[in-house]
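In the two complexes below, chain A is the common chain; its partner is chain B in one and chain C in the other.
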Partner chain A sequence: MTTAVPSAGSFEPAAQSPSDSADSSAGGPAKTGRTAPNRPRRDRHSLLRWMFVLPALLYMTLFFGYPLVRNIVMSFQRYTPTTYFTGEAPFTGLDNWRAVFSNELFADSLWHTAVFTVGSLVGQFTIGLALAVFFSRRFRLSGVIRAVLLLPWLVPMVVSAVVWRRVLDQDHGILNSALQAVGLADGGVPWLSSPSVALLSAIMVNIWIGIPFNMVILYGGLQEIPRQLYEAAALDGASPWRAFRSVTLPLLRPVITVVLVLGFMSTVKILDLILALTSGGPADSTQTLGTVTYQLSFLQLDFGQGAVVGNVLIVISAVFAVLYLRANRADFGTGK
Partner chain B sequence: MKRPSSLRGAWNTTAALLILGFLLFPVYWMLNTALQPDTSITATEWFPTSLSLSNFDAAVSSQGRSLLTSLVVALGAVVVCLALAAPAAYGLAQFGLRGGRSIVFTTLITQMVPGIVIANALYSAYAELGLVNSYLGLILADASLGLPFSIVLLRAFMVSIPGEVVEAALVDGANRFTAFTRIVLPMSRNALITAGLFTFLFAWSDFMFALTLNTTDDVKPITLGIYQFVGAHVSDWGAVMATAVLSAVPAAILLVLAQKYIAAGISGGSIK
Partner chain C sequence: MRRPRGIRVVAAASAALVPVTLGLTGCAATPDPGTVTVLNSATDAAEHGANQKFFDRCAEPLGLKVEQISVPADTVASKALRMASSDSLTDILELDGSELPQFAETGGLRPLDEVGLDTGGFSDSATSLGSYDGTQYAVARSVNSLALLYNKDLLRAADLEPPTTWAELRQTAKKLTSGDTYGMAFSASPNADGVYQFLPFFWSGGGDEARLDNGKGEAALTLWKQLLGDGSVSKSVVNWNQQDVNDQFVAGRAAMMINGPWQVPVLSAQDKVDWAVATIPVPEAGQDAIAPIGGTVMAVPKSDDSGREKNAGKILTCLNSERNQLAWGESVNNVPTKASAATSYAEKYPRLAPFVDLVATARSRTAEVGTRWPVVNDALAGAFQSVLTGGAGPEQALRNAQRQASAGEK
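Our next item is the complex of A and B:
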């Protein structure tokens, strides 16, 4: 995955301090020349300097690099509970891959993942953007309310899911009680117990969780847009909607890309929300790539097949990682 | 003159409060259910008219240990993460190391590796190393949730530290390491708090590693605790919701006490 995009050039995370333009790693030689005028001393120091970075590097190799490689290798092995006793994981070629790709659940989960991800992103983003625009107005308590709105994003996802399970309960849930009270749903909607509704409910909950993140980043982006542009647009007789389309959206584009790509990365692999909300059910209607990986590896204890689905997830993430990096680069190019 | 705008301001505030009430309703419902006794028998009231803390008694007695476990694991993860991230970020920000840029680049990429993939491979490695069902194993795994973020965030801050400040210390006889701990770390206090805060939140919220790297109840963080609790006692919603309230407490406290760091963290680093 890392080798897929060898030269990042000068990309940086989007919402970063402007001080980065004074990045010292770009002007390395000039700087070190000042501290170490004579060459031998500099070489000795160079090793010393690496000592600062090496522990983190070693850790990342063990906790990110190793799993990536191991996962690829495992996907070609028969890796089952017996492996833990015998220590043997025989190579079986493409057996795991064939088994996974011919498994109907895999195709279903791929589709669910796509629907879940796109649905969540559209909801989170539009509501997040609307709130960001709304809170850009200046009024009393704006800052405090904006801060409190962050709470759903800070609470552990499992906990949110458990609370929503209570809210969405078909017989005792408050949502159905409220709907019945206003006469909108007679028998109560089977939010989590009907295969045709459960995925939609999961999307709804995930939208709720993701709104704060979208709002905060987009709000930050909106603050960067110079006020004068809106004044100029107003002078030209542009309606607020026209100003939004012609000023806000184009200038917000780099931030929008980053928000969407980051949202995608966190949504496509989601596991805890769905496990705690529906456990993938009813009738596998909420199984996604994340839950199928978990199920294959840790419930059916077929780590080889779990690794296959995991690799599919990696490939999907890698594609969007490249998009993310390109977006950051474009952002950096604008001199921000 | 002032009237129209203040009227509009009041209207905006009202609208904002309505949005808040609407979006935070599930949080209210969690608190409301937790404060009502006997929620299993009767329907939950809209307001907790007869306040009772009995649910919290039940929550603490069955999940108290898990809360403690979460605290230990999350604090451990913060220590490991900052101990690794702070020097690395400083090295990457100030030393002009050859290949430094590709390291920063790789760091960003690692944030995109799906956690379940890491868990999948880590479990087999942990099984061989005897790290399954251990505090150390979970702390080390949870530290990975905050490390890339912390490196990126701290580095972004540390590039703005003038090299002259450190050089002055070096001239005064300090070595690189003492200059780092005495000068750079205190100067980076706010960034360190932000990174530590988020690592704590990530580790406290972690469910995947808790679920996959533990096969017994020896090391059971609260996220795993509430997951099992709701599976086994789904009729006792009052106690489940009280547990949910307790497990949301760190987020609520941090939101109140460290609001500016939270906001800075969300927009300052590219968070998962």
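Our next item is the complex of A and C:
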């Protein structure tokens, strides 16, 4: 994952300058004497560099740039089924944006998305980290149990949602039966049938789905930390908690950033889980930006308004992607 | 030495990209003139095969071949739009009836009389399902609706008759509720399933989809809320689709349910529950139940080649012969749309006869609001969901719904 980041950055024209300067400093001594004859070769070099970047650049423009621009343009157009037949999509200025922002559902879904994302990330990360730390000590059956814990990751999202729907059924679900058997929750918790609980249930299911991912990546990060550091910490008299805080967490930081940013990206645009679990209900209590886009674009076939919500999602993701890139660059800086 | 290799790599990479670029812009394959293509949702192997049998039976005498392109039902509309934008739409387009107006409005569909299809002899409800703005753009081979299905053993044991009025429905459902079994089940999910099930109550009570807050729609919401308040209906209905409702019924956890004839294969395949069909209860004795009409319709997209359109028209005419309609209705448990075929169907399948009566008076969801139906659909779903979960009273809920439905009006 980390290798993809510098290369992604190099598509920006701005990123060309650091590599340029690195190159010129390497060829520095030669530059002073023979400037003129050296020039064509340098031009050829930079041309060559661009040639290598070109396929990737073309690919990015075609498959990421074009849809992105289209989506932005679309949000200012009256884009309906007719457009597909006639190709006409009249520009309507800010109409779509106004319609979406004055829709109460949009504000609700923004709020639900925030709660869902933060709740899911906190849950997935803390439980994933705890499990990763737990499994990083070697003990019997550790491998087997880790493999079993990976299962939620292997099950398709829609399948797990359907299974959870049964588990969370108010009358006949296993969860309520279990709670009632031990004397808790008399009458059953309305997991999916009450607007005040449904979002929480959806978060719970998404945490369950996300734990393996967090656990696996963090476990990998923990393996990278040299054992000697813990020995040294122990010799210095550090408690396990102190060692965790002063050795594990700082050294794990790059991995933690990756896990959180990737988790954020996949959670903020959540759609399939919610559609299969609650269809956005009851009473719109689990509508997120993802489901609202789906509803506007593919059920109401108002692609212009759907594009507006899609753009909002892109902006939110982009903000976090930039934060991530900056954080990563800072890491590289201090690391050297 | 480095330079040529670099260029070769770039050239190879660009060459690899070229077909991709071309593929994006021009995916319209040149169609074979003797083949009629159909876009439908028959992704299930058995359904696909049954469809193909009917198509072949019609195409062979005409010297034609029919090729089906089947995609999941909820993606037919978006697939069709993508095909339309690249000028590669199929010769026949099979859509859900509620999606037809949005396609008809684009001007991309050919009125059926222009492709030589005689639309006489079809039931009024089927005609309205396939028309937009007074023009017949599509035809339904068979239609479905909703009815009250009940567990015969449970009603007999309680010495009860299937309810015919709302008051009776409440009493009967209450009496049938005991232990693990609810008296009644329906789908109140916030999507097309739930809205479809709500409509027979909404319409029979006088509700109007074009004016949700006309003061008559509250009765249906009140009834649903009362059934929930009585404990005759599970609180989980807000999360159940029509399939879930059927599962509950088959598991013996619901004595009565609202559902459609598409559940018949599942119901017939089990012997735990002995079931029968009755019409949906109405507010007052003597009224007619107004149920929604559903099903798929077949339309002919406009083509540059009028020969292709004519071929499609011939296939549609053959599919809708009385004999073919009856056979098709039997294979999918839906009611044929030609009145004569429907009568034979009712005689042959007395158990499903209530559906035949229902579809005669059933109403198309889009007849009144046309292309605005998807917005109204969401508004109605919001109304019953908020009433059932206690978020709003019936009157308030419908006022909100009307505001939501008219917000998109231009």
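We take it that the second predicted complex is superposed on the first by the 261 of 336 C-alpha atoms of A that agree within 3 Å, B and C clash if a C-alpha of one lies under 4 Å from a C-alpha of the other, contacts with A are read in each partner's own complex, and residues count from 1 in each chain.
FYI, contacts are C-beta pairs under 8 Å (C-beta built on N, C-alpha and C of every residue); 3 or more make two chains touch, one makes a residue touch a chain.
Bear in mind the structure is a predicted one, so any value in this text is a computation, not a measurement.
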Contacts of A:Tyr84 with chain B and chain C, given as first, second, both or neither: both
Partner chain in contact with A:Ser102 - chain B first, chain C second, else both or neither: second
Partner chain in contact with A:His172 - chain B first, chain C second, else both or neither: both
Which of chain B and chain C A:Ala321 touches, first, second, both or neither: first
Partner chain in contact with A:Gln300 - chain B first, chain C second, else both or neither: second
Chain B versus chain C as contact partner of A:Gly220, first or second or both or neither: first
First, second, both or neither for A:Val162, with chain B first and chain C second: first
Contact breadth on chain A, by residue count: chain C or chain B: B
Partner chain in contact with A:Val308 - chain B first, chain C second, else both or neither: neither
Chain B versus chain C as contact partner of A:Pro190, first or second or both or neither: second
Chain A residues contacted in one complex by chain B, in the other by chain C: 48, 51-52, 55, 59, 83-84, 165, 172, 298
Chain A partner contacts - residues on chain C that touch it in the complex: 2-3, 6-7, 9-10, 13-14, 17, 20-21, 74, 77-78, 81-82, 84-85, 102-103, 105-108, 180, 189-191, 234-239, 253, 374-375, 377-378, 381-382, 385-386, 388-389, 391, 404, 407-408
Touching residues (chain side chain B, partner chain A) in the complex: 8-10, 12-13, 15-17, 19-20, 23-24, 26-27, 29-30, 33, 43-44, 83-85, 87-88, 90-98, 100-103, 105-125, 127, 140-141, 143-144, 147-148, 151-152, 156-157, 159-160, 163, 167, 170, 176, 180, 201, 204-205, 207-208, 211-212, 222-223, 226-227, 230, 237, 240-241, 244, 247-248, 251-252, 254-255, 259, 262-263, 266-272
Sites on chain A touched by chain B in the complex: 1-2, 5, 8, 11-17, 19-20, 22-25, 27-29, 31-32, 34-35, 45-46, 48-53, 55-57, 59-60, 63-64, 66-68, 70-71, 74, 79, 83-84, 131, 134-135, 137-142, 145, 147-160, 162-167, 172, 174, 177, 208, 211, 213, 216-217, 220, 258, 262, 265-266, 268-269, 271-272, 275-276, 290, 293-294, 297-298, 303, 306-307, 310-311, 313-314, 317-318, 320-321, 324-325
Chain C-touching residues of chain A, taken from the complex the two chains share: 44, 48, 51-52, 54-55, 58-59, 62, 80-87, 99, 102-104, 165, 169-172, 190, 192-195, 278-284, 295, 298-302
